[in-house]
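As structure tokens, the structure follows; a few thoughts come after it.
In order of appearance the chains are A, B, C, D, E, F, G and H, and numbering begins at 1 in each one.
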Amino acid sequence: MAKYSRLNKDDAAVLLIDHQVGLMSLVRDMEPDTYKNNVLAVADLAEYFNLPTILTTSFEDGPNGPLLPELIEKFPNAPLIARPGQINAWDNEDFVAAVKATGKKQLIIAGIVTEVCVAFPALAALEEEFEVFIVTDASGTFNQITRDAAWDRMSKAGAQLMSWFAVASELHRDWRNDVEGLGALFANHISDYANLMTQYNTVKGS
Amino acid sequence: MAKYSRLNKDDAAVLLIDHQVGLMSLVRDMEPDTYKNNVLAVADLAEYFNLPTILTTSFEDGPNGPLLPELIEKFPNAPLIARPGQINAWDNEDFVAAVKATGKKQLIIAGIVTEVCVAFPALAALEEEFEVFIVTDASGTFNQITRDAAWDRMSKAGAQLMSWFAVASELHRDWRNDVEGLGALFANHISDYANLMTQYNTVKGS
Amino acid sequence: MAKYSRLNKDDAAVLLIDHQVGLMSLVRDMEPDTYKNNVLAVADLAEYFNLPTILTTSFEDGPNGPLLPELIEKFPNAPLIARPGQINAWDNEDFVAAVKATGKKQLIIAGIVTEVCVAFPALAALEEEFEVFIVTDASGTFNQITRDAAWDRMSKAGAQLMSWFAVASELHRDWRNDVEGLGALFANHISDYANLMTQYNTVKGS
Amino acid sequence: MAKYSRLNKDDAAVLLIDHQVGLMSLVRDMEPDTYKNNVLAVADLAEYFNLPTILTTSFEDGPNGPLLPELIEKFPNAPLIARPGQINAWDNEDFVAAVKATGKKQLIIAGIVTEVCVAFPALAALEEEFEVFIVTDASGTFNQITRDAAWDRMSKAGAQLMSWFAVASELHRDWRNDVEGLGALFANHISDYANLMTQYNTVKGS
Amino acid sequence: MAKYSRLNKDDAAVLLIDHQVGLMSLVRDMEPDTYKNNVLAVADLAEYFNLPTILTTSFEDGPNGPLLPELIEKFPNAPLIARPGQINAWDNEDFVAAVKATGKKQLIIAGIVTEVCVAFPALAALEEEFEVFIVTDASGTFNQITRDAAWDRMSKAGAQLMSWFAVASELHRDWRNDVEGLGALFANHISDYANLMTQYNTVKGS
Amino acid sequence: MAKYSRLNKDDAAVLLIDHQVGLMSLVRDMEPDTYKNNVLAVADLAEYFNLPTILTTSFEDGPNGPLLPELIEKFPNAPLIARPGQINAWDNEDFVAAVKATGKKQLIIAGIVTEVCVAFPALAALEEEFEVFIVTDASGTFNQITRDAAWDRMSKAGAQLMSWFAVASELHRDWRNDVEGLGALFANHISDYANLMTQYNTVKGS
Amino acid sequence: MAKYSRLNKDDAAVLLIDHQVGLMSLVRDMEPDTYKNNVLAVADLAEYFNLPTILTTSFEDGPNGPLLPELIEKFPNAPLIARPGQINAWDNEDFVAAVKATGKKQLIIAGIVTEVCVAFPALAALEEEFEVFIVTDASGTFNQITRDAAWDRMSKAGAQLMSWFAVASELHRDWRNDVEGLGALFANHISDYANLMTQYNTVKGS
Amino acid sequence: MAKYSRLNKDDAAVLLIDHQVGLMSLVRDMEPDTYKNNVLAVADLAEYFNLPTILTTSFEDGPNGPLLPELIEKFPNAPLIARPGQINAWDNEDFVAAVKATGKKQLIIAGIVTEVCVAFPALAALEEEFEVFIVTDASGTFNQITRDAAWDRMSKAGAQLMSWFAVASELHRDWRNDVEGLGALFANHISDYANLMTQYNTVKGS
């Protein structure tokens, strides 16, 4: 009855929308360093699972600024669609073409700001029968009111709300696929997890 | 499948309900100056996109007080329905007539207080098959409990919860329609955005 | 399409469940005086709109304690079902009989604690095709987590989440039915509103 | 119409997933002692109602650590599936077999972390037409954002969100089934309730 | 060494400054009904302990509005100095004369807003070697930042920060002076306390 | 210059004031179970360090209720002064006599409510040149405003604000005095600490 | 004994330190628009009371960006010391010279960030026997921890912590000096106050 | 009068106390990743300003765990005193000897937990006439109550409360000493600052 619509690493692509250094200053619903950590975690998981990744920016030559340099470095060969004006990335033909070129039906989306740059393409993609997974903690906005409204709109339209940790865990399925790799991904972005590992290895090895 | 019900500037009207100076003192789920800023942002976007706008008040000659003066000034020719007693604006024939006279099927609604002056007409309009978009951050109420309850009731009935920034962005569609105008709208109501623009222009021009 | 299921004073009954002095100490998701004020506001609106009101308690001779004295005083003739053990009031035949004896199909429910004494009868009543309106701010529980879970469960089952102010406003429909009465109800439970009235009357009368 | 899907002690099993001492340090959406108290309350109610209970762990020989010792002590004969790698317990055949061996169709689930170890098996079980009840306050995660996203995903798929207190109350149905036993369960995990009982007994007995 | 500067009912006077209905809307560091309850508790304790009480207002014929009607009713014979313009009440000779006419050296002060109408006369009175006790929870202001700054300034100058409950308790010294009276004062303003009393009396009397 | 006034187990006594089951319901500045855990931690440390401990209650035969049963059990031979009416325990001669009979000059004080039952005797004891250490997290009150005011008043008079963990740590001085005992004290009241120990022992022992 | 060190408009100068558009994005202990409003309120009061005002910036040609344009516009003739590198403005001779040239001994200071650009010159000025008044709500920093630490350091050194509203009120002394002017200052920066005035004038004039 | 006791890079040493991976899990007054970032920022500034740095641990072979690996790596030659049992590091002769061997009189202290491992040696060092500067945001504890109490105790004894950003800024004095170096330190630990720099360099260079 209730179909479990589950992320599958062979079916998924990642869309990183407008993580630009100027727009980062608008994000006030999370602490700035926490937020950046989450964004980089999504980037790392995209790379780790080898998911096709598409970058896009809005007016990167203006006040919104360039993409986070870490994203540019990590995805030198990813499509980076600098939109000439479309607010909804899905209104940009190149962007949609890039998405469709991946051949994937599951879209993992994060961006700034949640209610616009994330919600608009999410809603448009749902209309075209993509499965949409929002990385909520890598999507930032002005405050909790605007976040809650955005989540409600996307969820009602069928998007699944997740965290980067849930996305990585659902894609990985089984630790035995690679204990080291997933452990490193977690330890690099969750200090509590790194502490557990350090303590374990210390006691074990002593 | 999931239809993207999207704001369109040719299809939308704005309903500003009971933004009266007395009632403003009841709003405690946002900081007062933040809230007023959001209300004026909705007014500015209504004017900017040239959307038909309808004002209404409840007992404006009594304790509830007159409309915010800024709204009166901005919309000197808009219908202003001073309701003689109806709590739900949709129970007032003149109000409904004014709404229907706009010929628009998308209603952007904000007001005080959220669970009454916003929710009641929203629910009534949904029943008559209007599309309803609530400007959550320009709708204020007593506390977060009453807000959350109001949102849940409206959302379940089909209203879309948005912020003024999302409304403006969805209406504008493409920055190229007018970069200056939308930029000014944002800079006037989001100081972080104004700062980005000032810094950019300063460095660019230096 | 989206039917506006609206409270109607001829169709509604009020169920006050387990507002007992001992259980009041368990309520920690609102300030205690704020919470009590909300409960008394529901009692006042029930009396004001002359709605059939049913009281019930759980083990009132034990640690849970007697009903708030103000409720006993206000509803000396209302059915007060002291349940001998049923946790869900709807499992008590006398309670259900009392509800059905009112002949009303709209049930306005508040109680302690939200996820049990409110949610259980609400869910049972919905199953029997009553319309259910939860007075969220007159329903208290241990913390925000338990509240949020309870709201989600009730809302999904079809209950409408409201506040006492929304309930009173929806029942009244039009201030002209009685300006004095509704104004007094509001002023007695919303100090901000009382202040607006005092200032207005002072300036007007000066 | 709205079926009241109600917990029934003859139909329910309890799944406790990954309440491991290392993972406990990741839980930051509740105070640590509050959280542990809630987990032990679920264990106590499982024992009290004699519900089949299944324990599972993820990498218990590594950084995640062993189960909380109190759980091991309380359920010495319960199936304890130490998963060799599957992140979603439902991907582990032994776990699913143990669940199915109970013959129950109502699953009460709690675990760490909410969006992964709880949500994944919950979604999988819903797909197989189990009724799923999440014990929200015995399920912990990194922060409120990840919690809210997890709840939304599970709720939309049909899981019912509850608290341990609601679970115990719905299972018990009627205090007369055992006043002492349920009272003790509550007093042991809710200090406010213990205080009410002490005061009552003192005054009564004086 | 550390002299315990203790309130004494023979030595104390109460100064209620600018608790005007308009100014009440500026108070945002407490919930409005909580705040009003605290103000009325101070009034009740002043009456209960028969302390000389002085009222003062700022521009009561303008936007600031009249005193809370409950204060006017309770203190019909108290000096009420309507200041013609002085912001610091201590700059008003009539006010200072009224204070000095009480012959008391301990001043219990509350008012709106904390950092101005409370802090300024408090600092002035300290300079004249009065002992000053601020009723912190009956003194309101715009937000927590302005409150914290005001407290720091007053505390460093020697004012003692108290709550109305502490003031009443320190003045009363011993319950045996009047159990009924103090109990009523507490029960009228602390619902938790009223609940304890109701439960006790019920069980005792049963 | 700045004398380090340090707790010394040979010089210290513990005063537990009015931790009565009725008064517990007034404590709203901490979660109730967290608060009770802290109170019991103070009791455990008093026993562990074998500190003379004095209990006192206010009207224990009335609404305030009896002491927490756990305290009565733990200190069967401690002086328990049931004050006949004095609000400030230091106004009770038996209490002061009991304190002085200990021969200690360092007083570790906790109680309900902070601004009255803790602050008043603390201020009185400071005046008599005792050194006073407040266990802030075992002292509860109505809300954060009343807490902050109480702390300011006590701190300015010379009391040292501590937590139960700091008190235990300062008394113990060196783990080598008893690793097991202090570890058990911590593990019993800090679940995070218990988890660290369980994990350590598990890995070490494996 | 406790000297009331009171702001006096003939003795005071205003120092606005590093309110630069880039640095504004670092301020996270207040909402950005609230913070900007407070800064502009200080600017307006400086102008209104005709206080000598000194502006300074740190690296305004770099990432920190230029001063808020509104400040530049308002104080075209004020000294604006662009510090070539000194972090503490008081280490810059031109800045100190400008301060001393005002001949004022009371310094009203605000800036970004509180613990550095405000605290350092405040501490230095106190050492030179200036009286220092910090405008706490026009001084911003990263979070509440850094704010609290900064306040404690400055307060202990003798700085007085105020809000812009307290500064304006203390400088003005008496409304009769200019009702219109002060009213306008307040109405322009406190929407609640503007609402009170609008309502009053409307009712009065009707 | 008020001596500005200012950090000076020639006079200061850094004490990092018990930043052990097990103890990290006890820190609940900051987000874990935020806290770790602050600790590493202190380490980086110690290295950057070439300050003598002393590390110490408590029972590092037990549940408390080893130091954060990043600290061990950064300070391979720093004294690392593994205390055999002393809770207050100042009770360990080797630690005090190491501190005194630096010849510095200004001690910059951070550690876990604030009220014990930081406060105890801070109070002891103050007694020996060291100047003590607490890095508040690199010192973590169980919750805000324990933090506030610890701060109050240390501040009253003369410790100065700072943040790592304030420490670095006060030590550096003048950007011209090294713009690149300090900029890198800030950019590495404050993402908002990094964003400002990226945007500036991008626009400047374009």
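Here is the rule we go by: a residue touches a chain if its C-beta (ideal position, glycine included) is under 8 Å from a C-beta of that chain, and two chains touch if they have at least 3 such contacts.
Because the structure is a prediction, the values reported are computed rather than measured.
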item	value
For chain F, the least number of touch steps when starting out from chain C	1
Most remote chain, CA-based centroid, reference being chain G	D
Centroid-based (C-alpha) most distant chain relative to chain C	H
Interface numbering overlap (same over half, different under half) for chain G and chain H	different
Distance from the mean Cα position of chain H to that of chain F, given in whole angstrom	31
Inter-chain centre distance, chain C versus chain H - centres from mean C-alpha coordinates, in Å	54
Gap in Å, rounded to a whole number, between the CA centres of chain G and chain B	34
Rounded Å distance, chain C centre to chain G centre (Cα mean)	49
Where chain A touches two or more other chains at once, by residue number	22, 25, 28, 31-32, 65, 143, 190, 192, 195-196, 199-200, 203
Pairwise chain contacts, counting only pairs that touch as defined	A-B, A-D, A-F, A-G, A-H, B-C, B-E, B-G, B-H, C-D, C-E, C-F, C-G, D-E, D-F, D-H, E-F, E-G, F-H, G-H
Footprint of chain F on chain H - complex, ascending	22, 25-26, 28, 58-59, 62-65, 84-88, 91, 113, 115-116, 119-120, 123-124, 126-127, 129, 142-143, 145-146, 148-150, 152-153, 156-158
Touching residues (chain side chain G, partner chain C) in the complex	199-200, 203-204
Residues of chain B defined as touching chain E within the complex	25, 28, 31-32, 143
Residues of chain G that touch chain E when the two form their complex	1-4, 6, 30, 134, 136-137, 151, 155, 160-163, 165-166, 169-170, 172-177, 179, 190, 192-193, 195-197, 199-200
Complex contacts: residues of chain B adjacent to chain G	21-22, 24-25, 31-37, 61, 65-66, 68-69, 189-192, 194-196, 198-199, 202-203, 206
